[in-house]
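Chain nomenclature is as follows: A, B, C and D, assigned in order of appearance, with residue numbering initiated at 1 for each chain independently.
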(Lines give C-alpha, C1' and ligand atoms only; values in the text may rest on other atoms or scores of the structure.)
Protein backbone atom coordinates (compact mmCIF):
# COMPACT_ATOMS: atom_id res chain seq x y z
CA UNK A 1 0.00 0.00 0.00
CA UNK A 2 3.03 2.25 -0.47
CA UNK A 3 1.12 3.97 -3.25
CA UNK A 4 -1.51 5.31 -0.92
CA UNK A 5 -0.87 8.91 -0.03
CA UNK A 6 -1.48 10.75 3.19
CA UNK A 7 -4.77 12.65 2.88
CA UNK A 8 -4.82 16.05 4.58
CA UNK A 9 -8.04 18.01 4.96
CA UNK A 10 -7.87 21.79 4.84
CA UNK A 11 -10.96 23.52 6.20
CA UNK A 12 -12.03 27.14 6.32
CA UNK A 13 -14.64 29.57 5.18
CA UNK A 14 -15.90 30.13 1.65
CA UNK A 15 -15.35 33.84 2.09
CA UNK A 16 -12.17 34.76 3.88
CA UNK A 17 -9.86 37.71 4.40
CA UNK A 18 -6.48 38.27 2.73
CA UNK A 19 -4.51 36.87 5.64
CA UNK A 20 -6.49 33.63 5.65
CA UNK A 21 -6.29 33.24 1.89
CA UNK A 22 -2.53 33.70 1.96
CA UNK A 23 -2.23 31.20 4.79
CA UNK A 24 -4.45 28.70 2.98
CA UNK A 25 -2.42 28.91 -0.21
CA UNK A 26 0.79 28.34 1.68
CA UNK A 27 -0.73 25.42 3.60
CA UNK A 28 -1.72 23.91 0.25
CA UNK A 29 1.80 24.34 -1.06
CA UNK A 30 3.35 22.73 2.01
CA UNK A 31 0.96 19.79 1.89
CA UNK A 32 1.76 19.17 -1.77
CA UNK A 33 5.51 19.51 -1.21
CA UNK A 34 5.27 16.63 1.24
CA UNK A 35 3.56 14.46 -1.38
CA UNK A 36 0.21 14.35 0.38
CA UNK A 37 -3.19 14.68 -1.24
CA UNK A 38 -5.14 17.78 -0.22
CA UNK A 39 -8.84 17.37 0.57
CA UNK A 40 -11.16 20.31 0.98
CA UNK A 41 -14.77 21.35 0.51
CA UNK A 42 -14.12 22.16 -3.14
CA UNK A 43 -15.65 25.64 -3.23
CA UNK A 44 -14.21 29.17 -2.87
CA UNK A 45 -12.31 31.16 -0.25
CA UNK A 46 -9.96 29.07 1.89
CA UNK A 47 -10.90 25.94 -0.07
CA UNK A 48 -9.89 27.48 -3.38
CA UNK A 49 -6.73 29.13 -2.06
CA UNK A 50 -5.52 25.86 -0.54
CA UNK A 51 -6.27 23.92 -3.72
CA UNK A 52 -4.51 26.56 -5.81
CA UNK A 53 -1.42 26.32 -3.66
CA UNK A 54 -1.34 22.54 -3.84
CA UNK A 55 -1.76 22.50 -7.60
CA UNK A 56 0.97 25.11 -8.07
CA UNK A 57 3.34 22.63 -6.44
CA UNK A 58 2.13 19.78 -8.62
CA UNK A 59 -0.08 18.28 -5.94
CA UNK A 60 -3.36 16.43 -6.20
CA UNK A 61 -6.55 17.97 -4.78
CA UNK A 62 -9.90 16.42 -3.94
CA UNK A 63 -13.05 18.50 -3.46
CA UNK A 64 -15.81 17.02 -1.30
CA UNK A 65 -18.64 19.15 -2.60
CA UNK A 66 -22.01 19.92 -0.98
CA UNK A 67 -23.93 19.97 -4.26
CA UNK A 68 -24.92 17.42 -6.89
CA UNK A 69 -22.54 18.57 -9.65
CA UNK A 70 -18.80 18.08 -9.60
CA UNK A 71 -18.31 20.94 -12.04
CA UNK A 72 -19.26 23.39 -9.29
CA UNK A 73 -15.78 22.79 -7.87
CA UNK A 74 -13.21 25.54 -8.03
CA UNK A 75 -10.80 25.20 -10.98
CA UNK A 76 -7.96 23.83 -8.83
CA UNK A 77 -9.76 20.66 -7.82
CA UNK A 78 -8.31 17.57 -9.50
CA UNK A 79 -11.05 15.18 -8.44
CA UNK A 80 -14.56 16.29 -7.53
CA UNK A 81 -16.79 14.25 -5.24
CA UNK A 82 -20.35 15.49 -5.62
CA UNK A 83 -22.09 14.43 -2.45
CA UNK A 84 -25.39 16.34 -2.85
CA UNK A 85 -25.57 16.25 0.94
CA UNK A 86 -25.13 19.88 1.92
CA UNK A 87 -23.41 20.38 5.26
CA UNK A 88 -23.29 16.63 5.84
CA UNK A 89 -20.41 16.60 3.39
CA UNK A 90 -18.36 18.11 6.22
CA UNK A 91 -18.52 14.75 7.98
CA UNK A 92 -17.29 12.95 4.86
CA UNK A 93 -14.42 15.40 4.53
CA UNK A 94 -13.35 14.79 8.12
CA UNK A 95 -13.74 11.01 7.88
CA UNK A 96 -11.67 10.92 4.71
CA UNK A 97 -8.80 13.01 6.12
CA UNK A 98 -5.94 11.54 8.13
CA UNK A 99 -5.63 14.90 9.83
CA UNK A 100 -6.93 18.43 9.31
CA UNK A 101 -5.74 22.00 9.27
CA UNK A 102 -8.31 24.70 10.01
CA UNK A 103 -7.54 28.11 8.56
CA UNK A 104 -9.74 30.75 10.15
CA UNK A 105 -13.31 29.74 9.59
CA UNK A 106 -16.81 30.26 10.82
CA UNK A 107 -19.67 27.96 11.83
CA UNK A 108 -19.12 25.45 9.02
CA UNK A 109 -15.50 25.09 10.05
CA UNK A 110 -16.56 24.78 13.67
CA UNK A 111 -18.82 21.85 12.75
CA UNK A 112 -15.86 20.19 11.06
CA UNK A 113 -13.58 20.78 14.02
CA UNK A 114 -16.20 19.28 16.30
CA UNK A 115 -16.57 16.17 14.14
CA UNK A 116 -12.79 15.86 13.89
CA UNK A 117 -12.48 15.95 17.67
CA UNK A 118 -15.42 13.56 18.06
CA UNK A 119 -13.78 11.05 15.73
CA UNK A 120 -10.29 11.48 17.13
CA UNK A 121 -8.62 13.06 14.13
CA UNK A 122 -5.60 15.29 14.75
CA UNK A 123 -6.43 18.92 14.01
CA UNK A 124 -4.22 21.98 13.74
CA UNK A 125 -5.72 25.44 14.14
CA UNK A 126 -4.22 28.34 12.22
CA UNK A 127 -6.21 31.30 13.44
CA UNK A 128 -9.31 29.17 13.79
CA UNK A 129 -11.70 28.39 16.66
CA UNK A 130 -9.97 28.08 20.01
CA UNK A 131 -11.38 24.89 21.49
CA UNK A 132 -8.35 24.07 23.64
CA UNK A 133 -6.53 20.72 23.52
CA UNK A 134 -6.43 18.36 21.75
CA UNK A 135 -6.49 20.99 19.01
CA UNK A 136 -2.88 21.83 18.06
CA UNK A 137 -2.16 25.52 17.56
CA UNK A 138 0.17 26.92 14.94
CA UNK A 139 1.32 30.45 14.12
CA UNK A 140 2.23 29.95 10.48
CA UNK A 141 1.26 27.71 7.55
CA UNK A 142 4.60 25.94 7.65
CA UNK A 143 4.32 25.27 11.37
CA UNK A 144 0.77 24.00 10.90
CA UNK A 145 1.78 21.48 8.29
CA UNK A 146 4.92 20.44 10.15
CA UNK A 147 3.02 19.83 13.36
CA UNK A 148 0.34 17.83 11.60
CA UNK A 149 2.83 15.64 9.76
CA UNK A 150 4.71 15.06 12.98
CA UNK A 151 1.56 13.61 14.54
CA UNK A 152 0.64 11.63 11.43
CA UNK A 153 4.05 10.03 11.00
CA UNK A 154 4.46 9.22 14.70
CA UNK A 155 1.40 7.04 14.60
CA UNK B 1 -51.64 22.90 7.79
CA UNK B 2 -52.85 23.50 11.32
CA UNK B 3 -52.18 19.83 12.00
CA UNK B 4 -48.46 20.24 11.62
CA UNK B 5 -46.76 20.51 14.96
CA UNK B 6 -43.77 22.55 15.98
CA UNK B 7 -40.71 20.33 15.93
CA UNK B 8 -38.17 21.00 18.68
CA UNK B 9 -34.76 19.37 18.65
CA UNK B 10 -33.13 18.52 21.95
CA UNK B 11 -29.42 17.84 21.72
CA UNK B 12 -26.88 16.65 24.25
CA UNK B 13 -24.45 13.91 25.06
CA UNK B 14 -25.12 10.19 25.14
CA UNK B 15 -23.49 10.02 28.55
CA UNK B 16 -24.41 12.86 30.85
CA UNK B 17 -24.36 13.76 34.55
CA UNK B 18 -27.35 13.83 36.88
CA UNK B 19 -27.90 17.57 36.51
CA UNK B 20 -28.05 17.34 32.73
CA UNK B 21 -30.32 14.30 32.78
CA UNK B 22 -32.74 16.05 35.10
CA UNK B 23 -32.68 19.15 32.92
CA UNK B 24 -33.24 17.09 29.77
CA UNK B 25 -36.23 15.28 31.22
CA UNK B 26 -37.80 18.56 32.26
CA UNK B 27 -37.10 20.09 28.85
CA UNK B 28 -38.87 17.10 27.31
CA UNK B 29 -41.84 17.57 29.60
CA UNK B 30 -42.12 21.28 28.79
CA UNK B 31 -41.87 20.66 25.05
CA UNK B 32 -44.66 18.07 25.21
CA UNK B 33 -46.84 20.26 27.40
CA UNK B 34 -46.76 22.86 24.61
CA UNK B 35 -47.95 20.27 22.10
CA UNK B 36 -44.71 20.19 20.13
CA UNK B 37 -42.97 17.11 18.78
CA UNK B 38 -39.60 16.39 20.33
CA UNK B 39 -36.77 15.39 18.02
CA UNK B 40 -33.50 13.99 19.28
CA UNK B 41 -30.70 11.65 18.33
CA UNK B 42 -32.65 8.67 19.65
CA UNK B 43 -29.95 7.11 21.82
CA UNK B 44 -29.10 7.34 25.56
CA UNK B 45 -28.18 10.05 28.04
CA UNK B 46 -29.71 13.44 27.31
CA UNK B 47 -31.56 12.00 24.31
CA UNK B 48 -33.25 9.33 26.38
CA UNK B 49 -34.05 11.61 29.32
CA UNK B 50 -35.66 14.19 27.06
CA UNK B 51 -37.70 11.54 25.25
CA UNK B 52 -38.76 10.02 28.54
CA UNK B 53 -39.97 13.39 29.80
CA UNK B 54 -41.92 14.09 26.64
CA UNK B 55 -43.58 10.69 26.65
CA UNK B 56 -44.52 11.03 30.32
CA UNK B 57 -46.53 14.09 29.31
CA UNK B 58 -48.18 12.28 26.41
CA UNK B 59 -45.92 13.81 23.79
CA UNK B 60 -44.59 12.44 20.54
CA UNK B 61 -40.87 11.78 20.10
CA UNK B 62 -38.79 11.24 16.97
CA UNK B 63 -35.34 9.71 17.10
CA UNK B 64 -32.96 10.54 14.25
CA UNK B 65 -30.61 7.61 14.69
CA UNK B 66 -27.02 7.24 13.48
CA UNK B 67 -27.32 3.52 12.77
CA UNK B 68 -29.19 1.35 10.28
CA UNK B 69 -31.76 -0.13 12.69
CA UNK B 70 -34.63 1.81 14.19
CA UNK B 71 -34.88 -0.65 17.06
CA UNK B 72 -31.62 0.71 18.47
CA UNK B 73 -33.63 3.71 19.65
CA UNK B 74 -34.23 4.20 23.35
CA UNK B 75 -37.64 2.92 24.52
CA UNK B 76 -39.19 6.39 24.66
CA UNK B 77 -38.89 7.08 20.96
CA UNK B 78 -42.27 7.01 19.17
CA UNK B 79 -40.88 7.13 15.65
CA UNK B 80 -37.41 5.99 14.73
CA UNK B 81 -35.62 7.31 11.67
CA UNK B 82 -32.70 5.03 10.90
CA UNK B 83 -30.31 7.14 8.86
CA UNK B 84 -27.28 4.79 8.81
CA UNK B 85 -25.23 7.95 8.36
CA UNK B 86 -23.31 8.23 11.62
CA UNK B 87 -22.55 11.77 12.69
CA UNK B 88 -24.12 13.15 9.51
CA UNK B 89 -27.44 12.44 11.16
CA UNK B 90 -26.72 15.50 13.29
CA UNK B 91 -27.30 17.65 10.23
CA UNK B 92 -30.65 15.97 9.55
CA UNK B 93 -31.69 16.53 13.15
CA UNK B 94 -30.88 20.23 12.92
CA UNK B 95 -32.51 20.66 9.51
CA UNK B 96 -35.69 18.96 10.75
CA UNK B 97 -35.98 21.08 13.90
CA UNK B 98 -37.68 24.46 13.98
CA UNK B 99 -35.42 25.34 16.89
CA UNK B 100 -33.08 23.50 19.25
CA UNK B 101 -32.24 23.27 22.92
CA UNK B 102 -28.75 22.10 23.82
CA UNK B 103 -28.42 20.50 27.24
CA UNK B 104 -24.77 20.23 28.24
CA UNK B 105 -23.01 18.26 25.58
CA UNK B 106 -19.64 17.52 24.11
CA UNK B 107 -18.17 17.53 20.61
CA UNK B 108 -21.22 15.94 18.97
CA UNK B 109 -23.43 18.62 20.44
CA UNK B 110 -20.95 21.26 19.36
CA UNK B 111 -21.23 20.03 15.77
CA UNK B 112 -25.00 20.35 16.01
CA UNK B 113 -24.80 23.85 17.48
CA UNK B 114 -22.46 24.87 14.67
CA UNK B 115 -24.81 23.52 11.99
CA UNK B 116 -27.77 25.17 13.70
CA UNK B 117 -25.99 28.53 13.64
CA UNK B 118 -24.83 27.98 10.07
CA UNK B 119 -28.41 27.32 8.96
CA UNK B 120 -29.96 30.09 11.01
CA UNK B 121 -31.94 27.97 13.46
CA UNK B 122 -32.70 29.46 16.86
CA UNK B 123 -30.77 27.65 19.59
CA UNK B 124 -31.01 27.81 23.35
CA UNK B 125 -28.09 26.68 25.49
CA UNK B 126 -28.76 25.14 28.88
CA UNK B 127 -25.31 24.59 30.28
CA UNK B 128 -23.94 23.87 26.83
CA UNK B 129 -21.14 25.34 24.72
CA UNK B 130 -20.77 29.08 25.11
CA UNK B 131 -20.52 30.36 21.56
CA UNK B 132 -21.96 33.81 22.24
CA UNK B 133 -24.92 35.28 20.36
CA UNK B 134 -27.04 34.36 18.53
CA UNK B 135 -27.14 31.42 20.96
CA UNK B 136 -29.80 32.15 23.59
CA UNK B 137 -28.81 31.27 27.13
CA UNK B 138 -31.14 29.87 29.75
CA UNK B 139 -30.71 28.98 33.40
CA UNK B 140 -33.48 26.40 33.73
CA UNK B 141 -35.39 23.93 31.53
CA UNK B 142 -38.54 25.99 31.76
CA UNK B 143 -36.74 29.17 30.77
CA UNK B 144 -35.06 27.36 27.89
CA UNK B 145 -38.35 26.15 26.44
CA UNK B 146 -40.09 29.45 27.04
CA UNK B 147 -37.36 31.41 25.31
CA UNK B 148 -37.32 29.07 22.34
CA UNK B 149 -41.09 29.18 21.89
CA UNK B 150 -41.03 32.94 22.14
CA UNK B 151 -38.67 33.07 19.16
CA UNK B 152 -40.58 30.40 17.23
CA UNK B 153 -43.97 32.01 17.65
CA UNK B 154 -42.72 35.52 16.88
CA UNK B 155 -41.62 34.44 13.41
CA UNK C 1 -42.05 -0.83 23.92
CA UNK C 2 -45.70 -1.48 23.17
CA UNK C 3 -46.03 2.17 22.26
CA UNK C 4 -43.82 1.82 19.24
CA UNK C 5 -45.83 1.54 16.07
CA UNK C 6 -45.17 -0.44 12.97
CA UNK C 7 -43.62 1.85 10.37
CA UNK C 8 -44.71 1.19 6.78
CA UNK C 9 -43.00 2.90 3.86
CA UNK C 10 -45.04 3.75 0.80
CA UNK C 11 -42.98 4.52 -2.28
CA UNK C 12 -43.90 5.71 -5.75
CA UNK C 13 -43.44 8.52 -8.21
CA UNK C 14 -43.92 12.22 -7.63
CA UNK C 15 -46.04 12.39 -10.75
CA UNK C 16 -48.42 9.48 -11.16
CA UNK C 17 -51.57 8.54 -13.07
CA UNK C 18 -55.10 8.38 -11.67
CA UNK C 19 -54.97 4.63 -11.05
CA UNK C 20 -51.79 4.92 -9.02
CA UNK C 21 -53.03 7.90 -7.04
CA UNK C 22 -56.24 6.07 -6.15
CA UNK C 23 -54.25 3.01 -5.14
CA UNK C 24 -51.86 5.08 -3.04
CA UNK C 25 -54.67 6.81 -1.18
CA UNK C 26 -56.29 3.48 -0.38
CA UNK C 27 -52.96 2.01 0.73
CA UNK C 28 -52.59 4.98 3.05
CA UNK C 29 -56.05 4.41 4.45
CA UNK C 30 -55.40 0.71 5.06
CA UNK C 31 -52.08 1.38 6.75
CA UNK C 32 -53.67 3.91 9.09
CA UNK C 33 -56.63 1.63 9.85
CA UNK C 34 -54.14 -0.91 11.15
CA UNK C 35 -52.62 1.68 13.49
CA UNK C 36 -49.29 1.84 11.69
CA UNK C 37 -47.30 4.98 10.92
CA UNK C 38 -46.95 5.76 7.23
CA UNK C 39 -43.55 6.85 5.97
CA UNK C 40 -43.02 8.30 2.53
CA UNK C 41 -40.82 10.73 0.61
CA UNK C 42 -43.02 13.63 1.68
CA UNK C 43 -43.57 15.24 -1.72
CA UNK C 44 -46.36 14.97 -4.35
CA UNK C 45 -47.97 12.26 -6.45
CA UNK C 46 -48.04 8.84 -4.78
CA UNK C 47 -46.42 10.28 -1.66
CA UNK C 48 -49.13 12.88 -1.21
CA UNK C 49 -52.02 10.55 -2.05
CA UNK C 50 -50.82 7.96 0.46
CA UNK C 51 -50.34 10.58 3.16
CA UNK C 52 -53.78 12.05 2.44
CA UNK C 53 -55.38 8.62 2.80
CA UNK C 54 -53.62 7.92 6.06
CA UNK C 55 -54.54 11.29 7.54
CA UNK C 56 -58.18 10.87 6.49
CA UNK C 57 -58.26 7.79 8.69
CA UNK C 58 -56.62 9.60 11.60
CA UNK C 59 -53.19 8.15 10.97
CA UNK C 60 -49.75 9.59 11.48
CA UNK C 61 -47.50 10.34 8.51
CA UNK C 62 -43.78 10.96 8.30
CA UNK C 63 -42.16 12.58 5.27
CA UNK C 64 -38.48 11.83 4.66
CA UNK C 65 -37.74 14.81 2.45
CA UNK C 66 -34.89 15.28 -0.04
CA UNK C 67 -34.51 19.00 0.62
CA UNK C 68 -33.36 21.15 3.54
CA UNK C 69 -36.76 22.52 4.54
CA UNK C 70 -39.49 20.50 6.24
CA UNK C 71 -42.13 22.93 5.03
CA UNK C 72 -41.66 21.63 1.50
CA UNK C 73 -43.63 18.58 2.59
CA UNK C 74 -47.12 18.02 1.22
CA UNK C 75 -49.87 19.22 3.61
CA UNK C 76 -50.70 15.72 4.83
CA UNK C 77 -47.34 15.08 6.43
CA UNK C 78 -47.51 15.08 10.23
CA UNK C 79 -43.77 15.05 10.83
CA UNK C 80 -41.24 16.27 8.31
CA UNK C 81 -37.68 15.03 8.30
CA UNK C 82 -35.58 17.39 6.18
CA UNK C 83 -32.57 15.36 5.15
CA UNK C 84 -31.06 17.77 2.58
CA UNK C 85 -29.56 14.66 1.00
CA UNK C 86 -31.38 14.39 -2.32
CA UNK C 87 -31.84 10.85 -3.55
CA UNK C 88 -29.86 9.47 -0.61
CA UNK C 89 -32.98 10.10 1.44
CA UNK C 90 -34.38 7.03 -0.31
CA UNK C 91 -31.98 4.91 1.71
CA UNK C 92 -33.13 6.52 4.96
CA UNK C 93 -36.75 5.88 4.04
CA UNK C 94 -36.06 2.21 3.40
CA UNK C 95 -33.93 1.79 6.53
CA UNK C 96 -36.64 3.39 8.67
CA UNK C 97 -39.47 1.24 7.31
CA UNK C 98 -40.33 -2.20 8.67
CA UNK C 99 -41.66 -3.06 5.24
CA UNK C 100 -42.57 -1.21 2.07
CA UNK C 101 -45.31 -0.99 -0.52
CA UNK C 102 -44.36 0.25 -3.98
CA UNK C 103 -47.18 1.82 -5.97
CA UNK C 104 -46.20 2.15 -9.61
CA UNK C 105 -43.06 4.19 -9.77
CA UNK C 106 -40.10 5.02 -11.92
CA UNK C 107 -36.34 5.09 -11.41
CA UNK C 108 -36.50 6.64 -7.94
CA UNK C 109 -38.82 3.89 -6.80
CA UNK C 110 -36.58 1.31 -8.43
CA UNK C 111 -33.66 2.58 -6.36
CA UNK C 112 -35.75 2.17 -3.23
CA UNK C 113 -36.85 -1.34 -4.19
CA UNK C 114 -33.23 -2.26 -4.80
CA UNK C 115 -32.11 -0.94 -1.40
CA UNK C 116 -35.06 -2.68 0.27
CA UNK C 117 -34.03 -6.00 -1.28
CA UNK C 118 -30.37 -5.37 -0.47
CA UNK C 119 -31.23 -4.79 3.18
CA UNK C 120 -33.74 -7.61 3.47
CA UNK C 121 -36.89 -5.56 3.96
CA UNK C 122 -40.19 -7.12 2.88
CA UNK C 123 -41.60 -5.30 -0.15
CA UNK C 124 -44.97 -5.51 -1.85
CA UNK C 125 -45.37 -4.35 -5.44
CA UNK C 126 -48.65 -2.87 -6.56
CA UNK C 127 -48.14 -2.26 -10.24
CA UNK C 128 -44.49 -1.44 -9.65
CA UNK C 129 -41.21 -2.83 -11.02
CA UNK C 130 -41.29 -6.57 -11.58
CA UNK C 131 -38.06 -7.79 -10.01
CA UNK C 132 -39.29 -11.30 -9.17
CA UNK C 133 -39.15 -12.82 -5.69
CA UNK C 134 -38.66 -11.91 -2.92
CA UNK C 135 -40.86 -9.01 -4.02
CA UNK C 136 -44.46 -9.83 -3.07
CA UNK C 137 -47.04 -8.97 -5.71
CA UNK C 138 -50.51 -7.65 -5.01
CA UNK C 139 -53.46 -6.79 -7.23
CA UNK C 140 -55.20 -4.28 -4.96
CA UNK C 141 -54.31 -1.82 -2.17
CA UNK C 142 -56.06 -3.96 0.41
CA UNK C 143 -54.23 -7.09 -0.69
CA UNK C 144 -50.93 -5.19 -0.66
CA UNK C 145 -51.36 -4.04 2.92
CA UNK C 146 -52.70 -7.41 4.09
CA UNK C 147 -49.78 -9.27 2.58
CA UNK C 148 -47.25 -6.89 4.09
CA UNK C 149 -48.76 -7.07 7.56
CA UNK C 150 -48.87 -10.86 7.32
CA UNK C 151 -45.11 -10.88 6.80
CA UNK C 152 -44.46 -8.24 9.46
CA UNK C 153 -46.50 -9.92 12.17
CA UNK C 154 -45.13 -13.41 11.42
CA UNK C 155 -41.63 -12.27 12.23
CA UNK D 1 -9.72 23.37 -16.46
CA UNK D 2 -7.78 21.14 -18.85
CA UNK D 3 -6.31 19.40 -15.83
CA UNK D 4 -9.64 17.97 -14.75
CA UNK D 5 -9.99 14.38 -15.80
CA UNK D 6 -13.05 12.48 -16.91
CA UNK D 7 -14.39 10.51 -13.95
CA UNK D 8 -15.79 7.08 -14.81
CA UNK D 9 -17.69 5.04 -12.25
CA UNK D 10 -17.42 1.27 -12.37
CA UNK D 11 -20.12 -0.51 -10.41
CA UNK D 12 -20.69 -4.18 -9.62
CA UNK D 13 -20.95 -6.67 -6.83
CA UNK D 14 -18.54 -7.21 -3.96
CA UNK D 15 -18.56 -10.91 -4.69
CA UNK D 16 -18.46 -11.77 -8.37
CA UNK D 17 -17.67 -14.68 -10.66
CA UNK D 18 -14.52 -15.14 -12.74
CA UNK D 19 -16.08 -13.72 -15.89
CA UNK D 20 -17.15 -10.54 -14.16
CA UNK D 21 -13.83 -10.09 -12.43
CA UNK D 22 -11.96 -10.47 -15.71
CA UNK D 23 -14.32 -7.99 -17.35
CA UNK D 24 -13.94 -5.52 -14.51
CA UNK D 25 -10.14 -5.65 -14.64
CA UNK D 26 -10.17 -5.01 -18.37
CA UNK D 27 -12.67 -2.18 -17.96
CA UNK D 28 -10.31 -0.64 -15.41
CA UNK D 29 -7.39 -0.97 -17.80
CA UNK D 30 -9.30 0.65 -20.66
CA UNK D 31 -10.47 3.52 -18.49
CA UNK D 32 -6.91 4.22 -17.34
CA UNK D 33 -5.51 3.95 -20.87
CA UNK D 34 -7.82 6.81 -21.84
CA UNK D 35 -6.47 8.95 -19.02
CA UNK D 36 -9.68 8.96 -17.01
CA UNK D 37 -9.98 8.57 -13.26
CA UNK D 38 -11.79 5.41 -12.13
CA UNK D 39 -14.33 5.74 -9.34
CA UNK D 40 -15.79 2.73 -7.57
CA UNK D 41 -17.19 1.61 -4.23
CA UNK D 42 -13.68 0.85 -2.97
CA UNK D 43 -14.29 -2.66 -1.64
CA UNK D 44 -13.81 -6.17 -3.13
CA UNK D 45 -15.05 -8.12 -6.13
CA UNK D 46 -15.76 -6.01 -9.20
CA UNK D 47 -14.62 -2.88 -7.34
CA UNK D 48 -11.22 -4.35 -6.58
CA UNK D 49 -10.71 -5.93 -10.00
CA UNK D 50 -11.50 -2.67 -11.77
CA UNK D 51 -9.19 -0.70 -9.49
CA UNK D 52 -6.42 -3.27 -9.97
CA UNK D 53 -6.73 -2.99 -13.74
CA UNK D 54 -6.62 0.78 -13.67
CA UNK D 55 -3.58 0.89 -11.39
CA UNK D 56 -1.74 -1.66 -13.55
CA UNK D 57 -2.02 0.85 -16.38
CA UNK D 58 -0.81 3.71 -14.20
CA UNK D 59 -4.27 5.11 -13.61
CA UNK D 60 -5.75 6.87 -10.64
CA UNK D 61 -8.54 5.25 -8.61
CA UNK D 62 -11.00 6.72 -6.12
CA UNK D 63 -12.95 4.55 -3.68
CA UNK D 64 -16.24 5.95 -2.37
CA UNK D 65 -16.49 3.75 0.72
CA UNK D 66 -19.59 2.91 2.78
CA UNK D 67 -17.73 2.84 6.10
CA UNK D 68 -16.01 5.40 8.32
CA UNK D 69 -12.40 4.35 7.64
CA UNK D 70 -10.58 4.93 4.39
CA UNK D 71 -8.15 2.12 5.17
CA UNK D 72 -10.93 -0.39 4.56
CA UNK D 73 -10.44 0.28 0.85
CA UNK D 74 -8.92 -2.41 -1.34
CA UNK D 75 -5.18 -1.98 -1.91
CA UNK D 76 -5.61 -0.58 -5.43
CA UNK D 77 -7.47 2.53 -4.34
CA UNK D 78 -5.37 5.69 -4.70
CA UNK D 79 -7.74 8.00 -2.84
CA UNK D 80 -10.26 6.78 -0.29
CA UNK D 81 -13.40 8.73 0.51
CA UNK D 82 -14.86 7.42 3.76
CA UNK D 83 -18.50 8.40 3.67
CA UNK D 84 -19.75 6.42 6.70
CA UNK D 85 -23.11 6.46 4.94
CA UNK D 86 -23.67 2.82 4.00
CA UNK D 87 -25.68 2.32 0.83
CA UNK D 88 -26.20 6.07 0.48
CA UNK D 89 -22.63 6.20 -0.76
CA UNK D 90 -24.01 4.71 -3.97
CA UNK D 91 -25.68 8.03 -4.69
CA UNK D 92 -22.40 9.91 -4.15
CA UNK D 93 -20.62 7.51 -6.49
CA UNK D 94 -23.19 8.10 -9.22
CA UNK D 95 -23.27 11.87 -8.70
CA UNK D 96 -19.49 12.06 -8.90
CA UNK D 97 -19.20 10.02 -12.10
CA UNK D 98 -19.53 11.54 -15.56
CA UNK D 99 -20.76 8.16 -16.75
CA UNK D 100 -20.88 4.61 -15.40
CA UNK D 101 -20.17 1.06 -16.47
CA UNK D 102 -22.05 -1.71 -14.65
CA UNK D 103 -20.32 -5.09 -14.64
CA UNK D 104 -22.76 -7.80 -13.59
CA UNK D 105 -24.09 -6.86 -10.20
CA UNK D 106 -26.91 -7.47 -7.80
CA UNK D 107 -29.29 -5.26 -5.82
CA UNK D 108 -26.64 -2.72 -4.84
CA UNK D 109 -25.71 -2.27 -8.47
CA UNK D 110 -29.38 -2.03 -9.38
CA UNK D 111 -29.78 0.86 -6.94
CA UNK D 112 -26.87 2.61 -8.60
CA UNK D 113 -28.25 2.03 -12.09
CA UNK D 114 -31.59 3.43 -10.95
CA UNK D 115 -29.98 6.57 -9.51
CA UNK D 116 -27.86 6.97 -12.64
CA UNK D 117 -30.96 6.84 -14.81
CA UNK D 118 -32.83 9.15 -12.44
CA UNK D 119 -30.06 11.73 -12.65
CA UNK D 120 -29.49 11.38 -16.38
CA UNK D 121 -26.02 9.86 -16.32
CA UNK D 122 -24.98 7.71 -19.26
CA UNK D 123 -24.67 4.06 -18.22
CA UNK D 124 -23.26 1.06 -20.02
CA UNK D 125 -24.27 -2.44 -18.98
CA UNK D 126 -21.81 -5.28 -19.35
CA UNK D 127 -23.80 -8.31 -18.30
CA UNK D 128 -25.71 -6.25 -15.75
CA UNK D 129 -29.41 -5.57 -15.13
CA UNK D 130 -31.43 -5.26 -18.32
CA UNK D 131 -33.49 -2.12 -17.81
CA UNK D 132 -33.85 -1.24 -21.50
CA UNK D 133 -32.88 2.13 -22.96
CA UNK D 134 -31.35 4.54 -22.13
CA UNK D 135 -28.96 1.92 -20.72
CA UNK D 136 -26.31 1.19 -23.36
CA UNK D 137 -25.42 -2.46 -23.77
CA UNK D 138 -21.98 -3.80 -24.50
CA UNK D 139 -20.61 -7.27 -25.13
CA UNK D 140 -17.01 -6.72 -24.06
CA UNK D 141 -15.04 -4.44 -21.72
CA UNK D 142 -13.46 -2.62 -24.64
CA UNK D 143 -16.83 -2.00 -26.26
CA UNK D 144 -18.25 -0.81 -22.94
CA UNK D 145 -15.54 1.79 -22.45
CA UNK D 146 -15.58 2.85 -26.10
CA UNK D 147 -19.33 3.37 -26.06
CA UNK D 148 -19.22 5.34 -22.84
CA UNK D 149 -16.43 7.63 -24.03
CA UNK D 150 -18.28 8.19 -27.28
CA UNK D 151 -21.23 9.54 -25.31
CA UNK D 152 -19.05 11.54 -22.93
CA UNK D 153 -17.01 13.23 -25.63
CA UNK D 154 -20.03 13.99 -27.83
CA UNK D 155 -21.54 16.09 -25.11
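In this section, a residue touches a chain if its C-beta (ideal position, glycine included) is under 8 Å from a C-beta of that chain, and two chains touch if they have at least 3 such contacts.
These numbers were taken from a predicted model, which means no experiment stands behind them.
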| item | value |
| --- | --- |
| Remotest chain, chain A as reference, centres from CA atoms | C |
| Classification of the chain A:chain B interface as same or different, half of numbers criterion | same |
| Between A-D and A-C, the pair joined by more C-beta contacts | A-D |
| Gap in Å, rounded to a whole number, between the CA centres of chain D and chain A | 27 |
| Geometric centre distance via CA averages, chain B-chain A, whole Å | 30 |
| Averaged-CA centre spacing for the pair chain C and chain A, given as whole angstrom | 40 |
| Where chain C touches two or more other chains at once, by residue number | 68, 84-88, 91-92, 119 |
| Chain C residues within the chain A interface of the complex | 68, 84-88 |
| Chain B-facing residues of chain C, complex | 1, 3-5, 7, 37, 55, 60, 62, 64, 68-70, 75, 77-85, 91-92, 95-96, 119 |
| Residue ranges of chain A touching chain B (in the complex, touch as defined) | 85-88, 90-92, 106-108, 110-111, 114-115, 117-119, 131 |
